[in-house]
């Protein structure tokens, strides 16, 4: 019979095998995107498709960034996204704390009220919301795309609240007995223990803002303010969409997200809990 | 209210104040406006005309409305449980102590950030009835694969399967939840001779239940509002079998400029969402376990 | 003293001149660099020659049916002065109160509207008119034709220089050009509803009529020729099986996939724009031909229909008169230049010679324009399109009979139409 060590190794290798299979399936969309971005015009429509374009058509990348002011749009995407992520991380945990570790009358009512705001499709609230921003004089600026996150994002507040709830109340109560204010508890206990989930929320908000199309579509009317999300659909053309250029632009567009992702997920390696009460 | 309750009330309110202000300034008016519109004939660029319950009455005899609703309920019934299983299984795989785990995590998350057209095209290829990967594999087992997206009986299911490429997000959340489970619980269980499955059932699953609650609510709401994938991949076909509720709503809102009608649809969806969310929370008392919570 | 007076006069005059410069905003969605450049150059020329008007041109994302941005802006009162609108939707948008009446402002500018109208093709003016008045000036347009793969013709023993002319010939050729192995379609000769083979395309090719303008009644459900056109399409569905065709077709939906360009589909009806795609993306050794759309003996020879864009003034525009002046310029001089720069088909007759000189192949398409159909000009045009498409799907999938599907569609749209026209 296999010894304990060997059994564990076998188990891990089976996991590894499963992961490799899964990874192969999951890498396909990304692979196709990059592969298309390197195809020459005549190779785009071949059936069966050419998976490995040889030689690679690097000029597609040049054409992609010349199709529209790529770096201007990129800069705008960065501004909108960083602003939103900052707003989200500043405010959402704060609100989540109010829904989590403080027990107050009416708390559940407001919590469900907040959840209910996610139940109406944006299409029907879009125009009244736009009118509000118009009255504030913020149409054709980047502000309507950044300001809302400074008031908390319900979806993220919900997620953080779930994780806050798993932190033992005894711990918090002990701190209160010791004379800590709520704000101190929030800052010194809740936040440090929640780094992984906060990074995840940051990542999700990053992607949401980066790829947001409808918001920029209705609020921006100056080409110099457009983010990448508005730039990519510009490749679509009845007279011949250059899918290769479009995929090249898309590949470049996801680089920041990839960077953020690897940064965020490294924190998920840490934090293996060794004691009953966390750290 | 007793004194300490009042104190807590103030504290709680203060913490949620940013959201409350945002709600009052940006959210209340559009919500009430859309409710009002649902009782009107409103063509966006003209003045709304009150017509009472007309829109709602018309909806129930609208064949496409019913179809989009049943389609969407089907989507929800498939997406929510399947997404949970896939997300959880991926998370369990991705917390294994393998050296190259970062690589796997990255790749599995990638489809969630790739633009929709890349996604859609690969999906179409993958499930292509003749040249696709899936039917190739099925062929090895002697199974004649279905026509997937071209078959009105399989199209929705295919979209549900394709959505699993986006399960990376759920996996990440579950990974964070799993990381939070105190190791000593497992150590004690191993000493007691528990099997892996028992540990999963009695330790892992209950302790990640807060994340599960989040997932169930968000995934349900998301499924009810599904738009991008069916719009890009099949535009509602074949024969309206993949037409989702919000796709149809959007069509009335902007293509036909029947914003009143679309608003009525939105509020019916709202009621359904409320109801389902209520159900989820109602039953949550029995299976959601906040480790260390007083209540 | 005289000098002082002179300087004062100059100052006063110059403030007048400066106060008179009106800025108008123009939104368009032509993101292709060639199209965009042509438009911008015309705008620049207009700005130069009209010093009291300054046009600001903005590229906005959008498609023929995606007017979310415009609707939102007009509803909030932040819309542009000039917009680039799908001409087919002009009647609908005019009815919904999204547009200002362009004709009123043209009259204010002293334009002879009747004479102006004669400079454009009939179908284009028809689409730009609502309640007897012009709400738009037509911009570019398009037509549909039959494309066929000469190489596949040769392989099947057909003469590559003799494309099918009648429906019967089309059916015959399609049969010869289709290769089915093991129940799978390896090569498809022809399928009526691919690409631009719409319900409208065949309805008109078969000589039918969809809408009676005089009576303001839809008549397609009662027209035997239109019924015949659908029955003929159903024949293909029955012959090859919808699932098989669907499998063949859906593989080419979404991004860069097109069976004709891949050499798997021998004949297809598509728009003149497809020519540009073929020139850019087809393999170097691709051989193809263009022909008029085939028709049955009782049908219409050289039948086609046209779509295209137009320029409109959205409701609430701050400077409608200047907007009208700009539209007038663009739709005449600007259009001549656009046709030459982009090879798009113009609706302005004077622009045709320039186009043909720049790209002789366009002559073929231009000749089809005088007799081209346009879609019924009604306030529920988008609904009619969707319902016809839906009816066709039900027919092809065998869910309804031809007569039933058409009748249901007609009744539903007629009801909406009557309501819109205030007849209910």
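As written, the chains take the letters A, B and C, and residue 1 is the first residue of each chain.
Everything below uses one rule, namely that contacts are C-beta pairs under 8 Å (C-beta built on N, C-alpha and C of every residue); 3 or more make two chains touch, one makes a residue touch a chain.
Only a predicted model underlies this, so the values are computations on that prediction, with no experimental measurement involved.
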- prompt: What is the shape of the graph in which nodes denote protein chains and edges denote touching chain pairs (line, ring, star, complete, other)?
  reply: complete
Statement: A student comparing A-C to A-B should find more C-beta pairs in contact for A-B
Message: Suppose each chain is reduced to the average of its Cα coordinates; what separation in Å results between subunit B and subunit C?
response: 38
- line: Between the Cα centroids of subunit A and subunit C the separation in whole angstrom comes to 39
Field: Cα-centroid distance, subunit A relative to subunit B, in whole angstrom
entry: 16
Message: Two or more other chains touching the same residue: where does that happen in subunit C?
response: 68, 71, 75, 255-257
Query: Can you list the subunit B residues in contact with two or more other chains?
result: 44, 117-118, 121, 125, 131, 254
Overlap residues in subunit A, where contacts from two or more other chains coincide: 36, 47, 126-127
Task: Show which residues of subunit C lie in contact with subunit B when the two form their complex.
output: 65-68, 71, 74-75, 92, 96-98, 184, 242-244, 246-247, 249-251, 253-257, 315, 380, 382-383, 386, 390, 393-394, 397, 399
Task: Please give the residue numbers of subunit B that touch subunit A in the complex, ascending.
output: 1, 5, 8-9, 11-16, 18-23, 25-27, 29-31, 33-34, 37, 44, 90, 93-94, 96-98, 101-115, 117-119, 121-123, 125-126, 131, 165, 168-169, 172-173, 175-177, 179-184, 207, 210-211, 213-214, 217-218, 221, 225, 246, 249-250, 253-254, 259, 262-263, 266-267, 269-270, 273-274, 277, 281, 290-295
Subunit C to subunit A touching residues, read off their complex: 25, 27, 31-33, 58-61, 63, 68-69, 71-73, 75-78, 80, 255-259, 261-264, 271, 273, 276-277, 280-284, 344
Message: If we count contacts the way the header does, which residues on subunit A are in touch with subunit C in the complex?
response: 36, 41-42, 44-47, 67-68, 126-127, 130-131, 134, 139-140, 214, 217-218, 221-223, 230, 233-244
- prompt: For the complex, which residues does subunit B have touching subunit C?
  reply: 43-46, 117-118, 120-121, 124-125, 128-131, 147, 149-152, 232-235, 237-240, 251, 254-257
